[in-house]
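Report on the structure given below.
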Amino acid sequence: MTFLEWFRADRLPHIYCTGCGNGTVINCTLSAVDELGWDPDRCVFISGIGCSSRAPGYIITDSLHTTHGRALAFATGVKMADPTLHVVVFTGDGDLAAIGGNHFIHACRRNIDLTVVCMNNQIYGMTGGQGSPTTPVGGISTTTPYGSAEPAFDLCALAVAAGANYVTRWTTYHVKELTKAVHAGLTHPGLSFIEVFVQCPTNYGRRNRFKQVSDQIEFLKTHSMIRQKAERIRGEGGQVKDGTIEIGEFVKRSRPAMGVVK
Amino acid sequence: MAVKLPKAGGTFIQMEDEIAGIAAVIGASWTGMRAMTATSGPGFSLMMENIGFAIMTETPCVIVNIQRGGPSTGQPTMAAQGDMLQCRFGSHGDYSIIALSPASVQEMYDLTAKAFDLADRFRVPVFLMADEIIGHMRERIEIPDAVPHGERRAADRGVLPFAAGPDDIPGFTTFGKGYRVHVTGLTHDERGYPATTSPKIHEDLVMRLVRKVEDRRHEIADYEVVNPDAEVIFVTYGAPARSVSQVLHDDADPRIGHLRLRLVWPFPDSAIRSFPDAKVFLVPELNLGQIAREIERHTTVEVRSLPKIGGDLHTPRELAEASGRCIAP
Amino acid sequence: MKLVIDEGRCKGCNLCTMVCPYRIFQPGTILNRRGIVVPVLDRPERCTNCRLQKLHGRTLCGMCQMICPDQAVRWDEERLFERHRMAIEF
Amino acid sequence: MRHEVRFSGFGGQGIILAAVILGRGAVMYDGKYAVQTQVYGPEARGGASMSAVIIDDDPILYPKVTAPDIYVIMSQEGFEKYGVTAAPGAVMLIDSDLVHSRPGCRYIEVPATREAKDVLKREIVANIIMLGALVEATGVVTQGAIEKAVLDSVPKGTEALNTKALQHGGGLVRGRDKG
């Protein structure tokens, strides 16, 4: 199989806008699943509400498209009832960090054996571009027309603090690294959290001076920095520019996990 | 349950809130397991969105609501029956569900087993709408060695996952068995794929969700009739049934009858016709007349609500007086 | 192997033009029947994967396919000695 | 024969457990019907706590206590809230050190908490002493039934202590006139 065979071909093309990064994230996730040689009949993809959450509908496995923010709670039920299933959760920043924030920290605390892929486009894309908890300070959205004044959530730091076993962040530009990260997350016991910065040309890029899709990819490329490098710079007393996206692995550890088949 | 379920080979999880609780129940149900959650009052309100999800996705599950005084946090340790309409209409949109109402500890046991069977058969959330009196009461019960345990009908291979036969209920496509089903709360076609802008698909789906329960309301009706020739009839469900039983026990007047509903939704309107000589229906409820209003829809006979809120149960004397006022001297 | 863009899926975002090391993908200029400007391929036989996938038994590079949000890039099997139709103009 | 027994005291004295044990004895070992209900506020400890058991030879319809014929009162607040209205024909067992008032009906003083502290060295068994006294004084369930019900309900390792408490309670009222 190749990852393309994991798609429900009859459902493509999908509903995502031109240049939306979500499709790339699905490619990378399915590539990793495909590399592992998993049986599609034993995988379940679960999501909440939002653009990101339409993803399971395009995948040939059993899939559960649930209510806003609750994907992790549904996934907990699936995984605890049948731990032999491979459960992957697709979610977005609004879904995971706003309405689903509580479920997120508790799933990390339980460290339940799920792989959570968060497509962070820094905005509520599907509902028309409202500001989300990850909209950066100064970011323009329909509800922050003068630039967001609220500090944004660092989802990876949150996952680490809450107890997830594997936490990593990449962008849609880093497709190879992202595929490797999902691969690692799928095989690592406990909750694996993979945050991906994705471009939203329609609702974010357009309002934030990214004229072309490529401009936003260019931004992700030039404004991301491997975490270790950022830490080294800080360690040497240097300054990392504000707004730098720190990418790479945040934690990989072996806290006791739930729902792991012994 | 935390103590007993793991010993019986089940899984118990204390989720972070009621929203997550019902979500996990729905998730677990899709792996083919029987799953339930229990709550009271405000927790029930929190569950409403996902209850709608369970209805739309036709997920079998059981939800126990030990009703307390409301609105809001109200009286956490006092009895009420104020959620009877909420369980029927609380989630948004049109739908139909099944609700049972136990009046004793024995029925709490029996109806829980029945609730699971109904949920599996109809692929719908089934509510066990008890009240604080029944919920906190201890009394003699007999536990049989085994309870009848129906199985979910598995979907036939090759049939679309949400295509229903003449009985309007699709076979169940358990996760992990190769059905590769897509389950969504959006309006979906028979393949399970979202189809949100077609009025026809939406109408067909919602009508089927309603029909599969409502059309069988006489078949699944569960009620007890005492003195069918009576003129004054008490209609009860849950704890007030006990007070009425006491009234009839203390004064065996053939002019007073009792219709005791063990299944409240879908409302068994045929039960009302069990009393051809009825002159008045008296409906004692621990709310301001929620089911009395439903009875009014189905009869031309006078319906008199006997509401009582605050946490106390109607005493047999109160009810005896109420029925006495209706009987011509 | 033959590199192809599925015109039924491509939405014309041009991300492939950013990542191909050989610059095989070039922004297109003509609207297709779905109203989308699909990138055009400039001498696709230069693609490493086209030439060497069979030899290595796995996808090489593959950046264009991975980043394509619309699953529109793929390599089709080419039959040996595939006949190309030629039109000779006089 | 229908008996309605009302227990009252402050939360933490084991008022509800005492009622559960009594009901269990009646149902499981005397073959009768029983219903146990309770009123409690949100606080788990302190505050006036009340629980009730109805014991009958026939199935019990109305589950709430209307006119108790037996009272067990273990705090002054409990007496004021639930015991003061006792009918003249009722019988009341009173923890004589914790309740200062005395009712109009017939009553039996049982210094359960003091005896639990002084004789059995464990204040927590005061409710079991009360149960022993209750069964001895009223015969609402049989001696054998209450003994088995106590053993069913107490934590492992405390069986001997609780059996002793039960018997001690019976001894405190033995010889007095029966109700």
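Per-chain residue numbering starts at 1, and chain names A, B, C and D are given in the order in which the chains are listed.
Convention: a residue touches a chain if its C-beta (ideal position, glycine included) is under 8 Å from a C-beta of that chain, and two chains touch if they have at least 3 such contacts.
This is a predicted model, so every value here is computed, not measured.
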Gap in Å, rounded to a whole number, between the CA centres of subunit C and subunit B: 59
Mean-CA-position distance for subunit C and subunit A (Å): 28
Chain centre separation (subunit C, subunit D; CA means) in Å: 86
Pairwise touch network: line, ring, star, complete, or other: line
Chain-to-chain touches, reported pairwise for every pair that qualifies: A-B, A-C, B-D
Subunit B residues touching subunit D - in the complex, by the definition given at the top: 76-77, 133, 136-140, 239, 242-243, 245-246, 249, 313, 315-316
For the subunit A and subunit B complex, residues of the former touching the latter: 8, 11, 40-42, 44, 46, 54, 56-57, 60-67, 70, 73-82, 84-85, 102-103, 106
In the complex with subunit A, residue positions of subunit B that touch it: 11, 13, 15-17, 19-21, 23-33, 35, 49-50, 53, 173, 175-186, 193-194
Subunit A-touching residues of subunit C, taken from the complex the two chains share: 8-9, 11-15, 17-18, 59, 63, 65-72, 74
Interface residues, subunit D side, partner subunit B - complex: 20, 23, 27, 32-42, 60-64, 66
